[in-house]
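Worksheet for the structure shown next.
By letter and in written order, the chains are A, B, C, D and E; residue numbering begins at 1 in each of them.
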């Protein structure tokens, strides 16, 4: 049952992802992206990472997409004269495709060996609690780095997007 | 090893010019020209006196390195600060210090702008050269080898003639290309010596231990090829010589004196210090090839010199021819040939150095080097004509002057190795006489055709002062070369000994020299 | 004492050379003549002491070059050969020094002349007295240097400068042969001292001996102006006449003969070399004599006569008669020196005029010069009582006796021609009608005493110099004196049969007939010249016009100089220029990357780059330049191109998995 | 399964903490200080870096802390690179003082961002597991995107920023995916455990997975250090970005990425050593040749320096390719030596810019020796060091590198490297030629006076280059020791 | 075909679609979106492997990736706006002042 559900979500996700890449109007691309994000969140739930699904929905779909849509409106849209796609499209598709085939084939094949490793018994305890437990004890230092990262992002965004200021 | 009065004499001699450079750079301002010249003169003279101090204590009966000074430098890779001299390098050191004093003296009127940089780089150049001749550690040898390049590059580049940029970068590129290949050769030797089957098994750059490395033949060939290209560009041997005429024509007088007098000897010194003792079988194998190149150099240099219209270029090509002789001597691989080669290095330094000084003198007066601009100078400048004549005859190897002694020994050595080597080389002597006399006639004889030549003033006292030591040396080596030959002889014997060692040759350091120990002091 | 002989002139040269210009100036001749005189006295003293006990010995000075097996010392050998030469060189040299005082009076480079002259004496004495080949070679090249300096003494004259250069170069070619012979000798017996070489000479193989012999003779050809390398001697007349007298008559040119005599032991083993030398000598004699017949310049005639006489000397050495060769060398030094000095005083008097057409009848104005000149002409022509007859006759006799009939014929013919052109010269200058320019006529006067005294001394020597040493032909005093130094095969044969008929030292019938033939040839030459130039002066003009082709051929010296120029010199210079172009375009070209490529992209070429890049880039080679442009073009500026390159990079790495054999 | 808080002495984090505090002070309180005194901003930044250096130095012989191994390594290797990075940061601050005041764009944020980027690098360098490394990497990256686009109004700077961002983000995606596959194959992020698991793996599929993650990591880090197939961004970004930022990028981010590359590859991919050394060898050959040839006839000095820094990465990769113990210690030493000369040249460009007009062509250097002999001498020393001429440290670096290459048998590669450095002589010496052998363009004949901070920077750099050049002993030992500490882990 | 393979394929698919998007699209903002796609693909792979290995490390990594994605998006958009302010259109191929 779960595999069937994830199969559907994957199908929907992949198609919308392709649509994001191919749609002419950026606004459509943004909306298709939101849908993709949702299918991914759904998969998280299926994989047992409920907290992450929530974070995904809130942060990604909520914050980042809103920001992107806002900027699309700000910038407006002028279709460039020779279409929305670069000259090098064919080569790009072929290269990416080849790589995809190779990596996908071998990762999937390796899954068969990996499954052999016996999984530790899945404690029925609430996932979010154990997750936050590890996050704030074992991975404390990366967490602090992440905070510095966000600080940099904030300062940078303010610095660059300021209207008046440094040197007109 | 013995130190004179306990001080490390070689380190003092080597770094004295460097201290001079620093003194000039720090203690003088740009406009105190007199002070700069004096400092430069005093430091170079001091270096010359110290190098003279070494002579009486130098033991001529042994082939071992003397005045060895050792200190720790980079223990991690086995490079140490090791200086030492033997029969071959002592004369070259004396030549370097003498020519630098003369160069400093001769450039007091020639160079007018940026005195500080000029004298600074001249003294730095001297440190580089002395370092190369004294270094017994390959890394130190390579460091000094390249330190010497930079000041020469500036000398040509800043104070040179119209096309100096091209000449300077060409000089730097050629020599760097050669020395970089040499570096690979050194590294190959270093690692092969570390392998107990071939060498002493320890990781060291110490040349003396590397003298005894016995490599299999094909390794030797590869390493010889790397060293050959490095040194051949410096000598310059025939196909690599195209940088020399440009560098000489564009370099200022003092620059080309040092370039011809000492820098060209780096190549030949390298051959006799590195290639012959360390790669005997390869040297033996490549000897005919190198001899043929040398002979081509002799004849080719002489012929092209014949066609020159610019005096300095003519002298440059004559250097190619003379150094062809030295190479022929070195690769004749017998005592006469090598001794002749080493002595000819000194002679060439003296005679070609003097020639460049003379060209400099008339260049200072007329600012041109085209031969047809001159004519009948003997009337106007008799003393100059006399000096030019003596130098000219010394350079074409007239018996009684220094050129002949070296050339005779080289030809004798070459003859014993292969009959037709000497036959072709002798034609070099005839051609040499040809272009030199033709030059002398077009410049000195005949009537004074150009009006400007009429009121040229003859050599000033200063000019005669700095030409005199060279002329005296020419006569002295020509008439009584014994003291010089005795200095060189024992080291050459040592080199030949190491050349002959088929497999496990005797360790050079501990070898008791066969030559009868003449304890007689120098002269 | 022996060391003093070369040392004194050396000191004289040094003093004059260094202090001449500022201090000595005018009285430079006191220094020079004094030094040469003392050296002559020293030579006489050693000669007399040697005569008393004729034991040849060596005097060692110091070690010159010593490299393990090779040991060369500055040492002098005193033996009959070197003593004879030393006497000739210092004697004639001293006379010529005195002569030069008058001749060079008032010349700008007075001190320079005497310095060079003394230097020449030193070099010649070193050559003669040396005890080893290398020291001889030192003297050999030293003499070449001095002849260069002296011929080119009046260097403002381009012709003199060219002549000097020619002389030195031709000598150098000869010296190249000489030095190769040295190497052969050293290769064989590991030493260059005469004594050791001669003692090991018997061990030489004939092939080696012939090679050494021929190479030494090549050296002698260069120095003593034989057939292929004689071209420099006639041009050497550009120098002062006293120089020609000393160098090109008496001393330098005879060095070759001395060297051959010194190596007689080697030549004994190489009959082929001897025959070669004899034939070259004979041909040179004939060839030079023929040219001398028609020359108009007085010094050119004498120059060709010297070449011819040297041919005689080499002919005599070639047939094994070294002693008579040396004897002729000595007599020749006297009368040829006198001839040159006489012509010098004539030219001096006529203010530089050398063409015989403008001379004639000078007998009235210059009696002493005329008299001495006549004696010398008689001597060289071979008229009996005088020196020339004895030595030349001996040579012809020896040639005949040693079976070289053809060469004897050539020798006799040359003797005839010699007497003809010598008397032609005599009659054209001193006798007959005066053709001197009228303005030069009135101040014709006899030369000062410093010139006439040497002339008369030499005249005396020309008369008695031949009779005293060589009276009984082939058994005169000189034979006794020189024979120990000349160890030759023929000589040994002579002693054998000489001892047999020791008693009858009367002249055999054969000797008398040969003597008669040579006297006849001399007198015939005299009569012909008398008839041609005094009786019927117009006759030579008619003969010349009738035999037009031969006359022009002889007059232009068989165009030898022109041939040399077109065959050797011009192609050599053309080769040099082509090599130089090759050097500029060729090697540099290869390294520079073919032609000088103009800078392609315009906006790149700022002032600085074009001038500089154009030069240096060629050095690194056009290759890097081409690559540079390609690689630079890759940076298109489009971000997505870069991303694509990255993806392709990853793809390449991924697919490389299939090629690299890795243990998956 | 409640893991306890990892207890560790805070002293190991002091360097990072000091920098963070001063960064925050600079960013948020900049407004107050700016008016007070124009030197305060840069001096705060500078002295905080010096303090951080002191703390990092004191950690040199810190005992290995057991349970800390998991995230934050305090081994000699990390400390060495932290010191190097702090030196770079200090020098950047010194040289940017003059540049910013000249173009009057001096703001607190600039110094803040520089410090934050340095913190990112330091974390990255001492990260023991992939997550910490990645986060440090990203902090550095994002800070550099912003710094690259610092001159908002200047078209070239914003274009550089945009390009750098797009490619940087794209590349971080690739690195992440590499790490994901690595995590997939080994099940952990910690390098040491990974090493243990990898050597245990046998299945062809897992190895294949590792193989792909190796490729992707090579690509990702290749981009960061601008090795050939992934170098395209470097010339454009260095030319566009403000000069001190370009200096910071060319020295800082390269050194840090290289340090991580060495650590990850030697520790995690121990099993694949011959394979990735082969790739690194090919990449280094291509990089050396490309860097030098592309720089041959550049007239814009910044672009030329970009290509030359690409070439120097090629030399460093040569060291990495030729073996672990000797090769990598050569890389460490070369990284230290290279940064001084590189930043020095950028500083000389800064010296030339006057009243905001950036002067970047070689012609601007003409006649510098007459106008300012000392600076000309310093620039010559930098150029000589970059070419590898003996008296300078550059030679010792290159000598040691070629020694490692010859020892490990990469003779052909060593010959390529040697030829490449001869080619490099040509374009380095062109600047020397312009300075000494060309007459100065008369327009800017006035002698330039460097500000005090720039003067200090120049003298420090020249002193270090000559000192290491003449007596390299201690630095060699330092590099050897710091490299040996990686050994303990694997 | 179990859950993990499907999600794995989905993640890899998203990753490579994102890559092609970045290479192909001309509009800057769409490229940004494609970068989000790439990061989502990576996140999914992380979670899948975390599910396979059963430890939470993957998920922690995922959350950090989201943080980074957010930061990048913000900065990216800021740069795009800064560029847009000077240059009317935001098509990437119009930015090649810096070349050769």
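One rule holds for everything that comes next: contacts are C-beta pairs under 8 Å (C-beta built on N, C-alpha and C of every residue); 3 or more make two chains touch, one makes a residue touch a chain.
Note that the structure is predicted; figures quoted are calculated from it, not measured.
Determine the set of chains touching chain B that also touch chain C.
Per touch definition, common to chain B and chain C: D.
Centre of all protein Cα atoms: which chain's centre is nearest to it?
If one averages C-alpha positions chain by chain, the most central is B.
Counting only C-beta pairs in contact, which pair of chains has the most of them?
A-E
Starting from the Cα centroid of chain C, hunt down the chain whose centroid lies farthest away.
For chain C, the chain whose C-alpha mean is farthest off is A.
How many Å are there between the centre of chain C and the centre of chain E, using C-alpha atoms for each centre?
97
Can you compute the centre-to-centre distance for chain A and chain C, using the mean CA position of each chain? Integer Å is fine.
103
With chain centres defined as C-alpha means, what is the inter-centre distance between chain A and chain B in Å?
72
So what's the Cα centroid distance for chain A and chain E, whole Å?
Here chain A and chain E have centroids separated by 6 Å.
Quick check: what residues of chain C touch more than one other chain, meaning two or more?
Residues 612, 616, 620, 632, 635, 637-641, 643-644, 647-648, 650, 654 of chain C touch two or more partner chains.
I need the residues of chain B touching at least two other chains; which ones are they?
165, 169, 173
Touching two or more other chains, which residues of chain A qualify?
86, 88, 92, 96, 99, 102-103, 107, 114, 117, 130, 134, 139, 142, 146, 149, 152-153, 156, 159-160
For this entry, which pairs of chains touch?
Touching chain pairs, listed by label, are A-C, A-D, A-E, B-C, B-D, C-D, C-E, D-E.
Please give the residue numbers of chain B that touch chain C in the complex, ascending.
Checking each residue of chain B against chain C gives 163, 165-166, 169-170, 173, 239, 241-242, 245, 300, 303-304, 306-308, 335-336, 339-340, 376, 378-379, 382, 393, 398-400, 404-405, 408-409, 411-412, 415-416, 422-423, 426-427, 429-430, 433-434, 437-438, 441, 444-447, 479-482, 485-486, 489, 493, 515.
In the complex, go through chain A and note every residue touching chain C.
On the chain A side, the touching residues are 86, 88, 91-92, 95-96, 98-99, 102-103.
Mind listing the chain E positions that touch chain D in their complex?
Per the stated touch rule, the residues are 15, 18-19, 22, 28, 31-32, 35, 38-39, 41-42, 45-46, 48-50, 52-53, 55, 57-58, 60-61, 64-65, 68, 71-72, 75-76, 78-80, 82-83, 85-87, 92, 95, 97-99.
Residue numbers of chain D touching chain E in their complex, please.
So the residues of chain D touching chain E come out as 130-131, 134-135, 138, 142, 145-146, 149, 152-153, 155-156, 158-163, 165-166, 169-170, 172-173, 176-177, 179-181, 183-184, 187-189, 235-237, 239-240.
Note which residues of chain C are touching chain E in the complex, please.
Those in contact with chain E are residues 632-633, 635-640, 643-644, 647.
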